[in-house]
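Order of writing sets the chain letters: A, B, C, D, E and F. Residues in each chain are counted from 1.
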C-alpha cells in the first residue's frame, strides 16, 4: 500500500522536474544555459521517475531500474559536456560572458599542435 | 565458376518447372514447416516456375557474357554477389505465396540493382542510382501502403487467402484504395507510363551486363506482381480502365521516345518500358486470353530485352561508343554478331516467326475482344518499334564507321547472346508449349482466389 | 509443298556459299536451286490444269490457330512459276552483275535472293493467314535488307528504312485484319475467310477488315498514297529491283486483293475504292514516269502504274477483268523484269543510269539492246507481243464491266504513257546518239545477257504459242481468281474490235510522247507543284514531324528534374486511388468508439509538428533533427501502444541515422534554400496534401473495418507452444516468418556490399585526431563501448522472450563501435572489430542460412527450427538463436561498413 | 489503492507538455546546439514515458527500453556534438 | 577501505549536488525573471591520473549550473561554463572541497 | 484515437512527400526516411492495436493474453530495418554524388555523358 503511493509520488516529483527542465529549455537565453536545464533537471527527473517505478514494486526488476539510473547518470552529464563544448566551439551566442579564458587556451593549444 | 553456378541454377529451375507442371495439387513449401497462411512459403506454380526458368536462362547467358564484360575490378566490387542477389530476389518474387514477402524481395532487388548501377562509381551512375532509388522507394511505399490496407481489412498476407477474401467480399474503400496503390507502385516498378522516367537513365548507367539483367528481370518482376495482384487477387477490378490507358500510353509514347534516342542504352530503355506496356495491355483486357497474352509476352520479352542489351554492349565493345552516331559497320566486321543481334531485334519488332510476333498477336487478339483501342495502340506502337529497330540496325550494323576500325566482338559475348537468340528462335518456332504454359499460368492466376 | 519450302530454305542458306569459292559463274550454280524448284512446280501442272487444288496441312501451334497449311491452286501456281523462273534468271544475272563486290558479299546477296524466293513461295502457297503473314513479313524484311544492301550509302539506308516502314506498316494492317478475321470466324484459314465473307461483313469488324486488307495490299503494291517507297527502293542492286520491286513482291498486294475480292466486293465501297485508288495511282505514276531522269526510276514509276492497272482490274467486276488481270500480271512480270535487267546492264556497263547522259549503247551492248527492244515492244503493247494481248484484255475488261468510262480514259492515257516510256528507255540509251562520250566499264557477259533475252523472248513466244501456258497457268489462275472456270482466248488477233481501236489510239499518243519526250520532260521537271504533289515529301515531313514529336515528348517527359518526375508519380498515385474509390462507390466506414487519450494525442501531434518542421526547414541539419523528432514521437507512440520491440528499434535507428547522416552533413553545405519557384512549391504542396488527404480517408476506412486477425491470433496461441518463445514478435521474426527475415537480412547484406564498394577503405592514416575530442569523451569511450556491446549481447540473447533480438542487438552493437569511432577515430574502432565489416556480414548471412539447414536432413522444410531443452535450469537452446546471431552479425557488419566508410569519406 | 494506469495517464500529461516544449525548442532552434539540447531533453522524456508505460501496463519490458534509451541516445548526442565542432571548424565559424 | 569511504562520499556528494543543482535550476527557471550570470570559469586541477581528471570534470558538470567545456591538453585546468558566475573563487573552492579532495584519496 | 493516428500518419506522409519533391538530394533522402516512418505508423494502424499490452507471453503462461497485434509489429520491424538500410544506402550514394559533382541538386540534363573512347577495350570499360 505504501509502495505504490510512495512510488507515484516519486514519479510525480520526477515528472515535475522534467517539466521544469523543459520550461528552462524555453526560458533560458542561450544554448549553454538551456543545456544546464535540460541535462541537470532532466537527469534528476528521470532518475526519480525510475526510482518511483521501482518503489511501486512488482512492475520491474530492481536490477533493471538501478542500471537505468546508473546509465542515465553516466550519459546525461557526459552528453552535457560534449554539447557544451560543441555549442561553445560552434560559436553559439553566449550572453553575459565578458571574460573568456577558454578562447585563449584553445588558441594556445592550436598553436602548440600546429608547431 | 560463376558460369557453372548459373548452369546449376538453370537446371534447378527447370526441375522446378517440371514439378510445377506435373504437381497436382499445388506444390507449396512453407518455410519452417508452418501451416498455410501462417508461414511464408514458396509455391512451385505457374507462372512463377516458368519465369524462374527464364530468369535463370538470362542469368546464365549474362554469366557467359560477363566473362568478356566484367573484369577483375567489377568482380572485386561485388558484381557476382550482387547479380546473384538480384536473381534471388526475382526468383523470390516469382515463387512466394505471401504478399509482404513479395515486398521484401522487391527491396532486395532494389538494393542489388543500386549496387550494380553504381559498380563503377562514375558520376552518371551515381545520378542514375539516386534517381532510381528515389523512384523505387516511392513505389515501394505505395506498395507497402497497399499491403497495409489489405492486412488491415483482412488480417492476412497469404495470397491465396487474400484472393478468396477479396473476391467474396464487396469492395470497400480500403480494398479499392489498396488495389490502386498496388497498381501505382507496381506500375512504377514495371516502368509503365507515367511512372517510367527512372528507367532510361538508370539502365544507361549500369554496366551493360547488369543492364541486360535489369531489362530481363527487373521490370518483369514488377509486372509479374501486378498480374498476380490485379488478376489474381481481385480477378479484374475497376482499375482495368486506368491500367489500359496506362498501357496504351506506355506502348505508344515510350516507343515514340525511343525513336530519337542516340544513346543505345536509353533507346533500349524506352523499349523496355514500351514492351511492358504490351503486357499491361494484355492484363488490362481483364480476360483469361489477355492474361495468357501477358504471360506469353513476358516470357518472350524477358529474353529479348536482355539479349538486346547484350547486343549493344557488344556494339560498344566493337566501336567504342554508345552513341548511334559513332557506331557502325557491324555487319561487315562481325557478321555472326549481326545475325545473333538480328534475332532479338526482329523479335522486338514483332516479325514472324519470332517470339515477338506471337506475343503481339496474342495481345492484339485479346485487345480485340475486350478493348479494341488497346489493339490499335499496340499496332501503332509496333509500327514505331519497327522504325526504331530499322534505325538501330541501319546505324549500328550498316553504316560505315569512318576513320575507325571496328573490333571483333569477343566470343564470350557472342556465346551469351547466342543462348538467348536460340531461346527466342525456339519460342518462335515452337510457340505451342510456351502458349500452353501461358494458358495454364493464366488459369493458375485466376484460380488464385479459388484456393486451388 | 512444305518439304519443297524446307529444302529450298536449306538450299538458300547453303548453296550461295558456293559464291565464296566460285567467281563469276556462281550465279549459274546457285540458279540450280530456283530452277529445280521451277521443275518441281511444273510437275504440279497436271493437277492445276484440271482445276484441282492441292492442299497440305500439318499442325504447328493449334492453340494459336496456326497450322502449316498450304494450298496450290491456279493463281498460286502462276505466281510460283514466276517466282522460281524469274528467280533463277535473277540469280544468274546477279552472278554477272555483282562482279565488283567482294565474294562474301556476293554470297550474302545470293542468300538473300534465295531466301526471298522462299518467302515469296510461302506467301502465295500459305493457306493459313498467320502462315501467310509470316512469309509476307519475311518478304518485307528481306526487301529491307536488299534495298540497304549497299549499306555504306546513306541513300540506300534511308530508302530501306522507308520501304520497311511502309511495307511492314502494311503488314501490321494485315495482322490486324487477320486477327479480326480470327475473331469473327474462329479460324485463320484464308479459304474459309473468303467463303464466309458475308459472315465477316455482317460482323462489327467487316469494314475494318476490308480496310486493313486494302491498306496491306496498297502498301505492298505501292498504290497511292503509299507508292513513294518503290522509286526509292531502286537503291537496291538492280537484280533485286527486277525481282522484288517489279516482278514478284510488289504483286503480293494484288495477290491479296484478288484473293479477297469476293469479300471486298461485298461492301458498298470496296470496288469503288480500288478503282479510284488505282486511277489516282496510275495518273500520278504516269506523270512521274515522264519526269523520271534515270532508267531505273522511269521503270519504277511505270511499275507503279502497272500495279495500278492490276488493282483496277481487281476492282472491276466480270470475268474479263480477271482474265485481263492474270494476263497483264504475266506479261508485266516478263517484260518489266527484262527491262530491269537491261537497266542494270546499262548501269553496270556505264556506271550511270541517267537517261539523258546515255546514248548509242547498241554497239557496245548489242544483246542488251535487243532484249530491251523486245521487252519494250511488249510493254508498249505492240503486236504480237504478250503485252499487246494483255492490253486488249484490259480494254475488254473495262468495256465489259459495269463501270463508267472514266477509268477507261485513264487507262488509255496511262497506257499511252507506257508506250512513251518504253520508247524512250529503248531509244535513248541504245539507239540515239549520246550527248557526250559514254565510257564503258564492263562489257556484256552471258550472265548479264541471257536472263533479259530469255524473258523478252518469252513474251513473244507465249503470245505466239500460248496453248501450254494458257492451259496450265492462265486458265487455272483465272478460274481460281474468278471463282469458276472462264473461257480464255489468248490470241494476238481477234479481228477488228473496239479494243484494237483503243490500242491504236494508245500507240498513237505514245508515239507522240516519244517524239516530244524531251520538251515534255523538261516542262514537267520544271513544274514545282508536281513535287509538292509527291507524297514522298509528305511522308518525309510526317516522319520528321514524328521525330520532332518524339524529341519534344522526350524533352518534356524526361526533363531531367527528378522533382517533376516524382510529382507526376505521386499525382498518378492520387489519381488512381481517387478513381478506384469513385468506381468502388463503397461507403466510408469509420473506426468505432475510441476515446482520445491526451498524452498519446500530444505525442502524435509532436510527431506531426516535427514532420511539418522538417518540410519547412531551410537548413538541412534542422530538417534532419525535425525528422528525428518525428521518429522519436512515433517511437514513443509505439511504446504507448504495446510495441516495445518497435519502440526500441525505432529509437536505435534514429540514433544511428544521426551518427551516419552527420558524417554526410559534415561535407555538404547545410544551408539549402529552396530552388523551387513559388508556384511549383504550391503545386507540390497540393500534390503532397492530396496524397495525405486520400490516405487519411483510406486509413479511416481500414481502421473501421471489423478486425479479424486470424494469423496474428494464431501466432499468439502458438508462439510459446511451437516456437518456444515468450516474445511473439521475435518468434514471428525468427521462426514463423523467418523467411521474411532472411530476405530482409539479405537486403542488409547486399546494402553492405554496395557500401563497401562505394566507400572503399583507404589506407591513409586516420585524420580524426583524438585531441579534437573532449577529453572526457575520449576517456569514457572505452567503458561506454563495452557497456553498449554488453547491452547488445543481452538484447540479442533475451530477444526470444523479452523485447530485443538480432536486429536491435546488432544496431546497438553498431552504436558501441560508433562511440569508439567518434571518440578515437575510425581506425581504432575498426581495430576493435578485429575483422572487416563485410566479412562479418558474410559470416552472419552464412549463419542465418545454416541455421535453417539441419532440419532439412530430417526432410523438414528449410528454416524449420530445432530445439534442445537440456532441463535442469539450463536455458533452452534452439537453432533460432543461431539465426538471430546471424542477423545480429549481418546488421552489425552492414552498419559498420557504412559507418566507417562514411566517416572516412567525411574526413577526407 | 491507487489505480496505477490512471495515475500513469494523468502523469503523462505534464510529460507531454515537457515533450511539446522540447519539441518546440527543437524545431525553433535557433542554433543547432539548441536543437540538440532539446533532443537530449527528449531522451529524458522518453525514458520517463517508458517508465510510465511500465507502470500503466505492469510490464517490465518497457523499463528495459528505458535502460537502452539512455545509452542509445547518448551516442546520438555525442555524434551531434562532434559534428557541430567539426563542421564549424571546417567552415571557419569556430570560435 | 578508505577508498571505499571516499568513493561513497564522492557518490553522496554527487547525489546531493545533483539535487541541489536541479533545485537551483528549477528556481532560476521558475523565477519571475530569468536572472543568470553565466561565466566561463577556469578550475585548476591537482589530480595526476587521467581518469581522476575526467571524473572531476564529470562531477563538476553536475553541480549547480556548471558544465565542463574543456579539459586543457596538459590536464591541469578545467574550463567550466557556469550559470552563476558572481563568485568564481567560492565556486572553485567548493569544487576542490567536495570533489577534488575525495578524488585525490581515490587516486592514492 | 484511431482517427488522430490516421491523421498523424497521413500528415507525416504528406510532409515527407513535400520533402521528396524538393531538388535537394538530402531533403529527398530525409523525406524518404520520414515517409517510411509514416507508412510504418500506417501498418501499425492496420494491425489490431486495441490493447496496449505488449505481445509478450507472461512468464509461466503458454498463450498470449489480450495484446497488441504481434504480426503487424513484426512487419513494421522488418519495414523499419529495411527503411533504415535504404536510407543509409541513399546517404552513401548522395555522398558519392557530392564528391563527384559538388552539387546536391537533382536537376541534370537527362542525356547521359558520352565518353566515346575508341581505344577503350578492357572488360571494365563501361
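Observations on the structure shown:
Here, a residue touches a chain if its C-beta (ideal position, glycine included) is under 8 Å from a C-beta of that chain, and two chains touch if they have at least 3 such contacts.
Bear in mind that the values here come from a model prediction, so they are computed numbers and not experimental data.
Think of each touching pair as a link: the shortest run of links from chain B to chain E has 2 of them.
When every chain is reduced to the mean of its CA atoms, the largest separation from chain E belongs to C. Remark: among chain pairs C-E and A-E, A-E carries the greater number of C-beta contacts.
Taking the mean of the C-alpha atoms as each chain's centre, chain B and chain C sit 15 Å apart. Between chain A and chain D, the centres computed from C-alpha atoms are 10 Å apart. Note on chain placement: the centre of chain C and the centre of chain F lie 37 Å apart, centres being C-alpha means. A separation of 23 Å divides the Cα centre of chain D from that of chain F. In chain B, the residues touching two or more other chains are 100, 104, 107, 111, 114, 118, 121, 130-131, 134, 138, 145, 148-149, 152, 155, 157, 200-201.
Counting partner chains per residue, chain D shows two or more touched chains at residues 15, 17, 19, 24, 32, 36, 53, 57, 59, 61-62, 64, 67, 71, 73-74, 78, 80-83, 85, 87, 89.
Chain C has residues 558, 562, 566, 570, 597, 600, 605, 640, 642, 644, 663, 665, 695, 699, 702-703, 707, 709, 711-712, 715, 737, 740, 744, 747, 751, 754, 758, 771, 774, 776-777, 780, 784, 787, 802-803 in contact with two or more other chains.
If you sketch which chains touch which, the pattern fits none of the simple shapes: not an open path, not a single ring, not a star, and not all-to-all. Pairwise, the chains that touch each other are A-C, A-D, A-E, B-C, B-F, C-D, C-E, C-F, D-F. Looking at the complex, you find that chain E touches chain C at residues 50-51, 53-54, 57-58, 68, 70-71, 73, 75. On the chain B side of its complex with chain C, the touching residues are 29-35, 37-41, 77-78, 81-82, 85, 88-89, 92, 98, 100-101, 104-105, 107-108, 111-112, 114-115, 118-119, 121, 130-131, 134-135, 138-139, 142, 145, 148-149, 152-158, 170-177, 179-181, 183-185, 187-188, 194-195, 197-198, 200-201, 237-239, 242, 253, 256-261, 331, 346, 349, 351-353, 357-358, 360-362, 364-365, 368-369, 375, 379, 382-384, 386-387, 390-391, 394, 397-400, 430-432, 435-436, 439.
Against chain B, the residues of chain C that register as touching in their complex are 60-64, 66, 130, 133-134, 137-138, 141, 144, 148, 151-152, 154, 157, 160-161, 164-165, 168-169, 172-173, 175-176, 179-180, 182-183, 205, 546-547, 549-551, 553-554, 557-558, 562, 565-566, 568-570, 572-573, 575-577, 579-581, 583-584, 586-589, 694-695, 697-699, 701-703, 705, 707-712, 714-715, 722, 735-740, 743-744, 746-747, 749-751, 753-754, 756-758, 852, 855, 860-865.
Every residue of chain C that touches chain A in the complex is listed here, in rising order: 771, 774, 776-777, 780, 784, 787. Taken in their complex, chain C has these residues touching chain F: 558-563, 566-567, 570, 590-591, 594-597, 600-601, 604-605, 607-608, 611-612, 614-615, 620, 623-624, 627, 630-631, 634, 637-638, 640-646, 649-650, 653, 656-657, 660-661, 663-665, 667-669, 672, 674-676, 684-685, 687-689, 691-693, 695-696, 699-700, 702-703, 707, 709, 711-712, 715-717, 719-721, 725-729, 732-733, 737, 740-741, 744, 747-748, 751, 754-755, 758-759, 801-803, 807, 891, 894-895, 898, 901-902, 905-906, 908.
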